[in-house]
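Got some structures for you, see below.
What follows is subunit A paired twice: with subunit B in the first complex and subunit C in the second.
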Partner chain A sequence: MNRIRNARRSFLKILAGLFLLPARKACAGGIFQSPVATNRLRPPGAVSEEIFTGKCIRCGRCIEVCPYRSIIQLDARVGIHAGTPLIRAEDVPCYLCMKCVEVCPTGTLRRIRQEDTRMGLAVVDRHRCITWREEALCRTCYNVCPFKEKAIRLDELRPVIDEKYCTGCGLCTHGCPISTEDGRKAVNIEPLYSGLRR
Partner chain B sequence: MIPTKERKKTSTITRWRLFIQACAFLLILVNPFLILHFHFTFIQGWYQSLGIGKLWIVSPLEGMESILVARHLYPPLLVGMLIPILLALLLGRVFCGWICPIHFLSDLSDRLVTVVTGKKRIRDRFILPRSIFWYSLVGEFLLAMILGAPFFVFLSPAGLVGREIMNAVFFHTLAVEGVVVLLVLGMNLITRRFYCRYLCPLGALLALIGSKRKLKVRRNPNACVSCGLCDRACPLGLKPSLDEGKSVHCWNCGACVDACATNALSLEWHTQANNLPELPVDHAPGSSPAPEESKR
Partner chain C sequence: MSLTRREFIKKSAALTAASYVGLNLPLGETERARGEETEKWVRGTCRLCGVGCRLDLGVKNGKAVALRGVADSRTNLGYVCMKGMLFYKLIGHPDRLTKPLYRTKKDQPFKEISWDQALDIAAREFAKAVKEHGNDSVAYYGSGQAQTEETYLFQKIFRAGLQTNNVEGNPRLCMASAVGGYVTSFGADEPIGSYSNIEKTNCFFIIGSNMAEAHPVIFRRVMRRKLDHPKDVTVINVDPRVSPTSRIADIHLQFKPGTDLALMNAMANVIIEEKLFDEKFVSDYCVFKKQEEKEAKTVDFEAYKEFISEYTPEKAAAICGGNITPDIIRQVSRTFAQSKGTVSMWCMGLNQRIRGVWANNLVNNLHLLTGQICRPGADSLSLTGQPNACGGVREGGGLCHILPGHRPVENDKARNQVEELWGVPAGRIPPKPGLHTMALFSAVNEGKIKAIWINCTSPAQSLPNVDFYRKGMRRDDVFLVCTDVFPTKTTELANLVLPTAFHFEKTGVYGCTERRSQLTPKAVDPPGEAKPEVWIAREWTLRLARELKDPVIEKCIEPFKGLEEGWALPKAVWDEYTQKLTKGRDNDLRGATYEVMKGMADGVQWPAPTEDFARKGGTEIKFVRGIDPMADSEAKDDKPFQFYGPAHADRKLYVWLRPHAGAAEEPDAEYPFVLSTGRIIDHWHTSSMTGRIPELMRANPYAFIEVNPKDAARLGIKPGDMVEVESHRGKNVLPAKVYEGPIEGMVFVYWHDMDEDRMINKVCKDAFDPISKEPEFKISAARIRRVSGSVPLKPYIVSL
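Let's look at the complex of A and B:
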């Protein structure tokens, strides 16, 4: 009897959930939760995250064409975002070769120039960066940055990001030798622009 | 009694179809290896969107959903949808019958099942009204609009085959939604091409586009002896003996044409000239001169 009641309860829950789908979208949780987060980025030229999942047809051509295997394909565990491309900056960053934007058939990745890419913004965690803590003289992020002296410059030997030039490619995150227990680095890419630009 | 040799000779369409299906499947099977090991990116993608050099082919259902959900027109997308739509306009659901990897895998699994069970053919145990097909298409569009994501694109079995192969080759993982492919293949045991018959929204869209198609299975009523061989051969459970080969559901695979013992069926290009009313039937199907036993 209890099992039947439980079955009925879960059935009613599912039913109610179906009716409340649009409402749930508004609070953006569960299966609608976007996979974009710190160091979890969309490929270059991506449209705003609100329409990304509606526009992308999951054809995987950006993933296949990426020569660095930077882009991975998400699966059904991320709900309706299954099949969309994602870059995990600390694993393999984007080298800004701009091949993926050339092949996207739906315009989800817009054809933009390399320096116009805004996948996110690098943020130096000054409490974790050993240079900022004055424990060592590390400038790996500065060395690997493709827009050296523009996106990252050294201010009294300490790295400083300029949001005017930072593309959010994640090369600095990938290169950063400091790993914290929550899987982050001392410099992380925050997907600032993913919700703002269309 | 039809000599076996003669029967073999007439199965040319099936052989061609299997060849093309195998080539289409090999394309998505081999291509990820070419990309991974040789950086040969001339061809990318699978049957959701295929890029061959600068030529882009986009599946019309996915493309339309993307446009509807995002409410934004992207001209290259429209151009990419043109080829499949033209193909469907002229030839009907040939994508389903001749290219779709699900049909190919179903064909293979059907052969496997007949070998394992020793039965000559698989029965259709569960028959539904064919109108479900259209509800599936409408429901799919509604669901996509409600969810705000093109729903079919991440659960389309036709695309999933390609995606799973790519994921396996590139990242040595399989996406969990690959279960859908197994489910679709499993449903073949209940009814042949159950998914393709009743549930596939892409098939429904292609059928709708191809409702005035030029290439149709034509039955010569004078040669037809109503033996029912074609009805048994049709993977979609249509009855070409009752001219259901002209219905929108037919995917022009030619299985009935090959099964026909009297060459009464043929795939024909429909023009104004042969669009004339059917010739009067010489004999009623019941009083056919050739009794059914003679063809076994």
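Let's look at the complex of A and C:
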């Protein structure tokens, strides 16, 4: 237990130390700007982004419990949001196992059902998608979708998203074989339901 | 908890530190192929499935950087699938084998050796086996992915040099039943028509094929035809599983696995009962055949009628179960018979069966009875899984019972002709066919095979009941040579691993599903010391001749000595094969020279006896006078169709009386499920190639088991749960995908995964068709149970 406490202390020290350092380019948007953006998502059941950072106590339980290591803990580069959980959909998407919502002690992640999760909405970029461009046949996003035929269906072999069912889990983004210069994919998750004001 | 608190804190601290010093964690590179960056485009064929898509490989600074489809090609019309778009990444892949590797015992680590040492060892071991245990103690096991030149050269060396017909290939596992079906029905192997029928047909009969995943580019053509003419084109899909192919079907027939023979006989019943058959075609060209104990007996139409009367739609519906009703059988039969043109397409669902040849015959029967053949928009088209199963193995003599040019080994005349063309003494090729794949690996198990050369395939993963056969391959008294580009489950069991040049690193020909031979020239150099197989075979044979002191062995490679391996050597092999061995045969390829093929967007469909004819693309429909030059040159009467196929001396088409028969292993109380295996769009075969392409591996990192929701509810299986599937032979543990795919009582697993826990061939049954010797991968009895909730899994690929 002592060891853990020591480790915790050293970790907090690093974190605090980083806070004091001048913010680097990652923090260019200011220390208050939310890290939530395209393919940068809060875990399932998250409360509105307006109050998320105030409500989350950075206990890290959602991060620990995630069997897929989908959730990362943000560091000092994101200003006041340091320590809060985030999912980077193209790296490791959310597999909707719903373990994180069970362990959140503050209700920042509300206990919702798998199919009610709305981390965002998948949007197919028809100018980038290789199938929509008619260059090749791919339907990885369709194959990996946990709500196949509901959230994604194929229209003449081209993927089409239905917002009624899409949970924004990011499995399609992760699977998508097309990456572009800006680090995006041909299907991206837009955090439309995050309550984020731009 | 998957991460201890301590571990977690450590990791986050490290991450924080890393981000502070400004390290960027990789986000995935930009993968879009950019045309303007390449220096030149080299035209060739796709390395993967049997469709034969034509591609341009982009080369920059001697490296492969991109691929794009060739719009003028008659196979793919410019389209490619994701696998085809990305395989250029394998050309300079860091996992490639680049040096010969050797070990005396199979539990030792490999040592890098030189080519001289490697070839000496291979020659010594094969010579030793021949001297001590006879000619039939050595074998070659090749591949439908080896180029025609390679298969042809290896089989020549083994048959005429080492005097054994132990020459086999993995096409035995995928299309041997289609060969059996074509030869027994039409007297000649391979489809009569072409892909171009797709754009002319009014009815697709897709049975036992998930072409949407296995042949996506052909599926696109089918879909296009349907969508452009939604009212005039009917798509019938027959499959116990609702697959992505079923989505475009107007009618999907879902039946209990293993009952399709009854279904097709019932369709024939309706066609006869309702007088939907083409009386003139049948009387002009067909005879009815019944298999007696020893030989096939000709029977009359009345006998066929009587035989088929037993298979009423009512009876078949009762046998088939699922959604099959007598009315739907009648409806499908009428559509099949009455459409302006019907194209049947099938693949492993019919071939990988204990009665695969019969199933093929029954599809062909439907076409013969209704005359849906030899005209635009009508064909009985067997799809092929490998890029050169047709061209190299079926035509080039890559199976134990056939010599190049569709010549049976047992036929003295054909054999002597080949000996004469090769300039080897008469009687040099043994008259007895060699061991077929399953018998070969059984012989390996028994220690009867002392040295085996495995080229470009991985039987240690692809054989059914694979654990049983791996025991033999693991024996220390079986010397195993593997020629391959990547480490595989089979190189793990090898004594000698020889690195080979990959596609576009050597020159050679692939022959695709529609009898089309297409050239892929060398575009880049192979990595390290990797060499083309034709070079390896030639150099090894020189040493073998010295070891065995046999000038005839050297004679086999006499015409190829000293030739440069990038172009001149494969060209000489191709010229010998086409100009000498296919001359006058039904796969006459004399017109398809390298020079002709080099200038084409696609390639040449045989028969193509002259260069002028080959330049136009060759024969679109076989046996039709005015289209097929051999139908004119071989004509015996003035009928428009001339069935000159080498297997039927009477020049007739055979309608076979084939009764219904079930699977080798039906479900029982202990193993109540039917396990079926298949393919997925992102991967190909043993995934030794596709598994090394990050995009494809990310899209589909591991195998899963598809369970019907009703079965899942009964067994308490939820999506993502780990499920154990077990048969008499072995078991797998895989994550579950619960959806309305497989029919109730059936589970489905795709077979590409290399991981020992997810390698479904450990579970599959190794019973095989008595005619084609093709194993029944598609049906095994199994039981399933939930093991645990979801567990994060890692993709797995063999490394050295």
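What we mean here is this: the second predicted complex is superposed on the first by the 166 of 198 C-alpha atoms of A that agree within 3 Å, B and C clash if a C-alpha of one lies under 4 Å from a C-alpha of the other, contacts with A are read in each partner's own complex, and residues count from 1 in each chain.
Basically, a contact is a pair of C-beta atoms (placed from the backbone, for glycine too) under 8 Å apart; a residue touches a chain by one contact, two chains touch by 3 or more.
These numbers come from a predicted model, not from an experiment.
Visitor: Check whether A:49 is in contact with subunit B, with subunit C, with both or with neither, and answer first, second, both or neither.
Guide: A:49: touches no partner chain.
Visitor: If we overlay the two complexes on their shared chain A, which of subunit B and subunit C does A:80 touch? Say first, second, both or neither.
Guide: The first partner, subunit B, only.
Visitor: With the two complexes superposed on chain A, say which partner A:57 touches: subunit B (first), subunit C (second), both, or neither.
Guide: The answer is first: A:57 touches subunit B but not subunit C.
Visitor: Touch check for A:136: first (subunit B), second (subunit C), both, or neither?
Guide: Once the two structures are laid over each other on A, A:136 reaches subunit C alone.
Visitor: Going by the contact rule stated at the top, is it subunit B or subunit C that touches a larger number of residues on subunit A?
Guide: Between subunit B and subunit C, C touches the greater number of residues in subunit A.
Visitor: Quick one: classify A:67 as touching subunit B (first), subunit C (second), both or neither.
Guide: both
Visitor: Where on subunit A do the contacts from subunit B and from subunit C line up?
Guide: Correct list for subunit A: 21, 60, 63-65, 67, 69, 72-73, 75-77.
Visitor: Which residues of subunit A touch subunit C in their complex?
Guide: Going by the criterion above, the answer is residues 3-4, 7-8, 10-11, 14-15, 18, 21, 24, 26, 60, 63-69, 72-73, 75-77, 90-91, 95, 97, 130, 134-140, 143-144, 146, 148, 154, 156-157, 174-181, 183.
Visitor: Which of the residues in subunit B come into contact with subunit A in the complex?
Guide: 31-32, 35, 39, 41, 44-46, 48-49, 51, 56, 58-59, 62-63, 65-66, 69-70, 72, 74, 76-77, 80, 146-151, 153-154, 159, 162-163, 166-167, 170-171, 175-177
Visitor: Considering only the defined contacts, which subunit A positions touch subunit B in the complex?
Guide: It is residues 21-22, 25, 32, 47, 51, 53-61, 63-65, 67, 69, 72-73, 75-77, 80-83, 99, 103, 105-108 of subunit A that touch subunit B.
Visitor: Sort out for me which residues of subunit C touch subunit A in the complex.
Guide: Where subunit C meets subunit A, its residues are 1-3, 5-6, 8-10, 12-13, 15-17, 19-20, 22, 25, 27-32, 68-69, 79-82, 84-86, 216-217, 220, 223, 227, 244, 247, 680-682, 695-696, 698-700, 719-720, 739, 790-792.
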